[in-house]
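Dropping the structure in here first, questions after.
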Amino acid sequence: MSIWKSLRTVQELNSLHQATLVQHLGIAFTEVGEDFVRATMPVDHRTRQPYGLLHGGASVALAETVGSMGAGMCIDMQEYQCVGQEINANHVRAGRSGLVTGTARPVHLGGRSHVWSIDIVNDAGKLVCTSRLTVAIIRRGALGV
Amino acid sequence: MSIWKSLRTVQELNSLHQATLVQHLGIAFTEVGEDFVRATMPVDHRTRQPYGLLHGGASVALAETVGSMGAGMCIDMQEYQCVGQEINANHVRAGRSGLVTGTARPVHLGGRSHVWSIDIVNDAGKLVCTSRLTVAIIRRGALGV
Amino acid sequence: MSIWKSLRTVQELNSLHQATLVQHLGIAFTEVGEDFVRATMPVDHRTRQPYGLLHGGASVALAETVGSMGAGMCIDMQEYQCVGQEINANHVRAGRSGLVTGTARPVHLGGRSHVWSIDIVNDAGKLVCTSRLTVAIIRRGALGV
Amino acid sequence: MSIWKSLRTVQELNSLHQATLVQHLGIAFTEVGEDFVRATMPVDHRTRQPYGLLHGGASVALAETVGSMGAGMCIDMQEYQCVGQEINANHVRAGRSGLVTGTARPVHLGGRSHVWSIDIVNDAGKLVCTSRLTVAIIRRGALGV
């Protein structure tokens, strides 16, 4: 049985993010698999810190982006919405150029919250950042966490 | 005794971030106090998610930016550099418009690592996000964490 | 206006924890203030790691204990219960002997979740550990997060 | 090539923890695999919270225990020691009885720090808690992080 209840295509995910942080950073969704969501992000003037390396905050922005979209596609979006509650990340290797690729996979899909794990790798497939996202699932119309 | 060993002005901090994520998101350093570093970030097409709210990843990017600069100014930058190791954040209130303001304060300034606490508030002064950053302090020339 | 909706005395908090981890580790609630909950924990064979220092896991156990009790006392416990969702902690200084003292204070008291900050200090008042706890608030009878 | 530089048997790991938190909570090392360390912990009066469920702090104590031992066995312990810096955990399912089993696997083994991932499951093999531990690797004799 598929985990996806509100599946979207890569094209739909990218359209949804026009005029957002995601588009502004050059993040592009590239694949929705059986149990994962994947997107790439360039390492360039949009995502670097002063020493020319990938800014850790860009990695977390990528992580929260793919994790949130994964969570959203696992719920019935007519009735529910998801709200990011907590995110954490370890930066383990510098990103210097090219693209990094973030892949989000579910750790726990509960009725009230999800936990997603996100790994970000560089062009050589080496781990740059590992992150975990906690998402609250709330009824549409309800406000706040 | 001041915590700052490599103090920079707000102008210097902003110049340093030309052609980086920080400038690209519209983040602007606004104050370096006795024991804090502060910057603002707009809530607009550069930092929003699809529902028009501040993207959680933008908050973390702001948090890591002010925390990293705080850490860097507390070390002798001729000899040492700092590397972000871990960051975590709770998103507690939606950001909708205007500016958010992030303030980084040291929790622990050790010889090998720092811990910084970063709070982000909206225009009304209400907490949007609270974050904690762990930074490794390493000798210049040393690579990796 | 007080934050406490289900206030308990220190004696009640300690009674509640008979035959639990809390009692087993020697944790004792010592104060419920206007906006904080405090407990002490011994640094001895019950809480040390092999090198004779306070085990980081003991610190987190103390943090989750005071944070959870704080959260529980801020909700109407006839109708709601709280469930720990996420906890994180930085260990910044070794605990060697005597007592450590953990104090939990609310960062965000929302309708569906709380965020609590917990600092643990040693006998000299120096910070040993800083922690943040996310708690889900759910209706009694509801199961799981 | 093995990741272990200071391998110990399960018996040695258990002996090492006499008169510590680990023994006091009933934690027992059960397996050291090619790239993992595993231990069990009882869900009983030593590890429960007032509602009879596994205390989240006990889960984190188990996580930090197996992660730290994994880290220690991956370094040359004649020259180096490891110090827990940061730990985070999501509690995703209640532990009610029997044993829980924690397994630590390396995410990143760097020269100055390690990142370990720890999953804790119940008797039915269901995930109870997922955790990530950041460990600083420092020369013996050096103090503090």
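Think of it as A, B, C and D in the order they're written, each chain with its own count starting at 1.
Keep in mind that, in the parts below, a residue touches a chain if its C-beta (ideal position, glycine included) is under 8 Å from a C-beta of that chain, and two chains touch if they have at least 3 such contacts.
Note that the structure is a prediction, hence the values are computed from the model and not measured.
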- Consider the two chain pairs A-C and C-D; indicate the one with the greater count of contacting C-beta pairs. C-D
- Distance-maximising chain from subunit B - centres being C-alpha averages: D
- Message: Using Cα averages as centroids, what's the distance between subunit C and subunit D in whole Å?
- Response: 21
- CA centroid of subunit A to CA centroid of subunit D, Å: 28
- Averaging C-alpha coordinates per chain, one finds the centres of subunit A and subunit C separated by a number of Å equal to 31
- Scan subunit D for residues touching two or more other chains and write them down. 85-86, 88, 90, 92-93, 110, 134, 144-145
- Once bound in the complex, which stretches of subunit C touch subunit B? 88, 90, 92-93, 107-108, 110, 115, 117, 127, 130, 132, 134
- Task: Over in the complex, which subunit A residues touch subunit C? Could you list them?
- Result: 85-86, 88, 110-113, 134, 136, 138, 142, 144-145
- subunit C residues touching subunit D in their complex are 16-17, 19-22, 24-25, 45-50, 55-58, 60-65, 68, 83-94, 144-145
